[in-house]
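The letters A, B and C name the chains in turn, as written, and every chain counts its residues from 1.
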Amino acid sequence: MKILVCVKQVPDTTEIKIDPVTNTLIRTGVPSIMNPFDAYAVEQALRLKEAAGGTVSVVSMGPPQAMSILTDALAMGADEAHLITDRRFGGSDTLATSYILSCAVRQLGPFDVILCGKQAIDGDTGQVGPEMAEHLGIAQVTYVSQLRPDGDRLEAVREHPDRQEILSVALPAVITVVKGEERPRFETIRGRLKANRQEIGILDREALPVEDEKIGLTGSPTKVKRTFTPERHAECVWVEGESAKDQAKALCQALSRAHVI
Amino acid sequence: MSGFVLTKDQRDLKRLAAEFGKQVMLPAAKEYDLLGETPLEIYKQAVEIGFASVTLPAEYGGLGLDMTTQCLLTEELSRWEAGITNALGASSLASKPIMIAGSPAQKQYAVDMIQSGHLAAFGLTEPDAGSDAAALKTTAVRRDGGYVLNGRKCFITNAPYASFFVIFAKTQKNIGTHGITAFLVEADRPGVSVGRHEDKMGLRLSAAADVILENVFVPEENRLGEEGKGFVIAMKTLDASRAEVAAAAVGIAQSALDQSVEYTKNRICFGKPISKLQAVQFMLADMEIQTQAARSLVYHAAELIDNGLPYGLMCAAAKCMAGDTAMKVTTDAVQIFSGYGYMRDYPIEKLMRDAKLFQIFEGTNQIQRVVVSGALLR
Amino acid sequence: MNKDNHQGIWVYIEHTAGHVQRVGLELLHAGRELKAVTGEELTAVVIADQTGDLAEQIKSYGADRILAVDCPQCKEYSTDAYTQLLYDLICEYHPSTVLVGATENGRDFAPRVACRLKTGLTADCTALGIDEETGDVAWTRPAFGGNLMATILCSNTRPQIGTVRPGVFRAEQVGTAAQVVRLEKNLPEQSIRTRIKELVHREGTPFRIGEADVIVSGGRGMKGPENFPMLQELAELLGGVVGASRAAVDSGWIDSSHQVGQTGSTVRPRLYIACGISGAIQHLAGMSGSDQIVAINQDPDAPIFKVAHYGLVGNLFEIVPALIQEIKAMQA
């Protein structure tokens, strides 16, 4: 089984802080990490390989620094890695990004299974996986927590808030994964030392048969009009008292006066 | 590596140790500290990552990395939980005499066992022979193409879980340390038993117990090196392992320091964080200075080992300094946390209990001073 | 592209097990707000094997028209069937705007529809408006874990499509009944490449924190799972449910279905009580729209107090039990 995992380098959004004076994001010093959902996708890929044999390739689209998360995936046990990088790919929205990725998949493939995280924690769109599947004209299952070979198909457990669907999907397929029971494995020391010496393939505009009008800003139907930091309202009424009991009493009175309780 | 400039490999491996320590080892600390047991699943997971393979020779399937890398990883793991780190270190300690004096078959056995998750133990100390190895009472008598061992070893780290032991026994009496020989003894040999699990003060995630040998027969191929060379093998082993032990002590000191810095910034007293008080600031400064000084000695010693230079004095100095520093810094940390520091609900008092053993085991710090002064006055 | 050829605001109505999901009704409200500016017709689209009863359920929620598509291949949701049917409808009727609930299914097939149409899709929106300059829909959505908001336009292609978070708008009945247009479609069986083998419902009643009227949430300050029953008791007294911050969920103290915030659910209950939650921005992103927010925290500088209407500084392990006593006394 030929397996591909798409991974993205993202800022660790839990470390992002807002400058209280300018009310803008402080991005400097924020560590870059592999998108956590993508790490789960790598884990699913390695498990699938252990169950069905084959190879695990990893691909990322981003600036040259994104190489480091590809090395991370190799250290976890992926077989090979490629970086899609070119200034001309910059400014791509999800439609253009998924188009470029689909071209890379065609170039590197064919693959039986393409895994992605359910969404990236910076953009939070969750669209690139399904749009890539559409560009490739193949099946998809999103929000998958478990995956196993099922003859010439795959069986996937798809998560909803109130239920799980156990699905069978024809291959090739794109699978987007949630954080399931199986946490991403630790890399091994041996894996890390090998990965640090492993060559990573580079795919730039010249190496990929993409149409220029479908990439970058030109190829992106959505445009960011403006960004802003969310407003935080409110005058907080401090409910004080000699004791916790007094505070509780005062709060109940206030809420009752406001007809909340 | 020179000084503290880490290579990319070393940086990445240190980060791996930090992730494993933080995500896996630390969460188990409290529960297993109360139990006084080694979380074997976590030990095995650490082995799978390769933390027990660092200095095992590459030709036998180990990682074959240098002592500097070993110390870096030991320090980092110990920063999160020193007991599990000590269990890993004890297996590594048991492998060392085999790597120093063993046959290729013995080396392969040890590497395969350790890398498949088996624990191992180093058996030198006896009830009446701690610092004074010449006083060993365990005997090994030649018989039928092998030896019969009798005796009792005590305070043996990993003993309750070990699959094999390296046992030091006397093959000849009345010639002091020259009569000592080293043996590889599998735990499942008839006559091998393990005593009561010791209820230790600290490092409770590594277990210690007596090892009792009653008419244990081992074939000749289980002897490590020549007869009478046991003491030299033991001393070489301890010389080399001291850097590693010292690194673990530095990890404990660093943990105490990190937690103290964080705590003083958040603990409000007299209307301001206690980090604003110069009395506290100076304590933190001293803790930092002492920890850094100990660390410098550790990596200096490791560098000497890695470069094939004489390292005995520096390893003893590092172990002594790091053990005393860990004790001092963790004691100060308890003082900074004051009441909370003394309570078992908070993680600080464990560091102090863990630190104490580093002034005692693998040669007490008095013995380290004997080694250092001996080298000076030679 | 001539944008004038595309007219009408569409709302896709999701349903499970014969019941319309609330988010579809919420989006009809959103659609009416857009309609108030653009004057376009508002259409609800419902796709099922039998849409009869579903169309009835949505009739009074403000749509001018309901496109009810009966397709025998739609007994259950599938990416392939729903993508094809919505795509075909859009090609036939060319609406200007399509709103889809940002649920698992909505976020599954909306991107495929958008990609097939080669148009833009804005995911997981939390506010909608009309851009004054261009007349396009201004889609506002959080990014960077709720630390940043972005307003996005899709100016050159139609339709403009967005998925919108459940809980952002309020479902609202209006008097008039929509006109129902029934359509029958059929798809080749082999065009559907997934098949559901089994459905496993989670134990107990489905827990939808987004629909709760009162939420009592716990965070890192709760110290451990053993302290959540106290929140449960308070929540039950107030007719509500228990929520949690990511810190509490990540520590394994409570199931992730309780999580409120950017990576959990967006909620806007009548009353939100935050206990031991410092108010990481990603949490605030999910609850700051609540009608009344009460925060209980030891640290008076905790960011949660910046969105709270009532702030109690103190030990929650004393305050929450006192609150329980007080409310019991009031109710007695």
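One rule holds in what follows: a residue touches a chain if its C-beta (ideal position, glycine included) is under 8 Å from a C-beta of that chain, and two chains touch if they have at least 3 such contacts.
As the structure is a computational prediction, the values presented were derived from the model and not from experiment.
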Check: Highest contact-pair count belongs to which two chains?
Finding: A-C
Next item on the list: Would you kindly say which chain has the C-alpha centre located farthest from the C-alpha centre of chain A?
Entry: B
Note to self: Taking the mean of each chain's Cα atoms, which chain ends up nearest the overall Cα mean?
What the structure shows: A
Notebook entry, point to check: What whole-Å value do you get for the distance between chain A and chain B if each is reduced to the mean of its CA atoms?
Noted result: 41
Note to self: Can you compute the centre-to-centre distance for chain B and chain C, using the mean CA position of each chain? Integer Å is fine.
What the structure shows: 55
Next item on the list: Between chain A and chain C, tell me the centre distance in angstrom, where each centre is the average of that chain's C-alpha atoms.
Entry: 21
Item checked: Complex interface listing, chain A residues touching chain B -> 75, 186-190, 192-193, 196
Margin query: Taking the touch rule as given, give the residues of chain B at its contact with chain A in the complex, in rising order.
Written below: 8-9, 12-13, 16, 19-20, 45, 48-51, 53-54, 63, 65
Notebook entry, point to check: Any idea which chain A residues touch chain C in the complex?
Noted result: 11, 13-14, 16, 18, 25, 93-95, 98, 121-127, 129-131, 133-135, 138-143, 155, 158-170, 173, 220-230, 232-234, 236-240, 243-245, 247-249, 251-252, 254-256, 258, 260-261
Next item on the list: Can you check the complex and tell me which residues of chain C touch chain A?
Entry: 79-80, 83, 103-104, 107-109, 111-112, 114-116, 118-124, 131, 138, 141-157, 193-202, 206-208, 238, 257, 262-263, 270-271, 280-282, 284-285, 288, 291-295, 303, 305-315, 318-319, 321-323, 325-327, 330
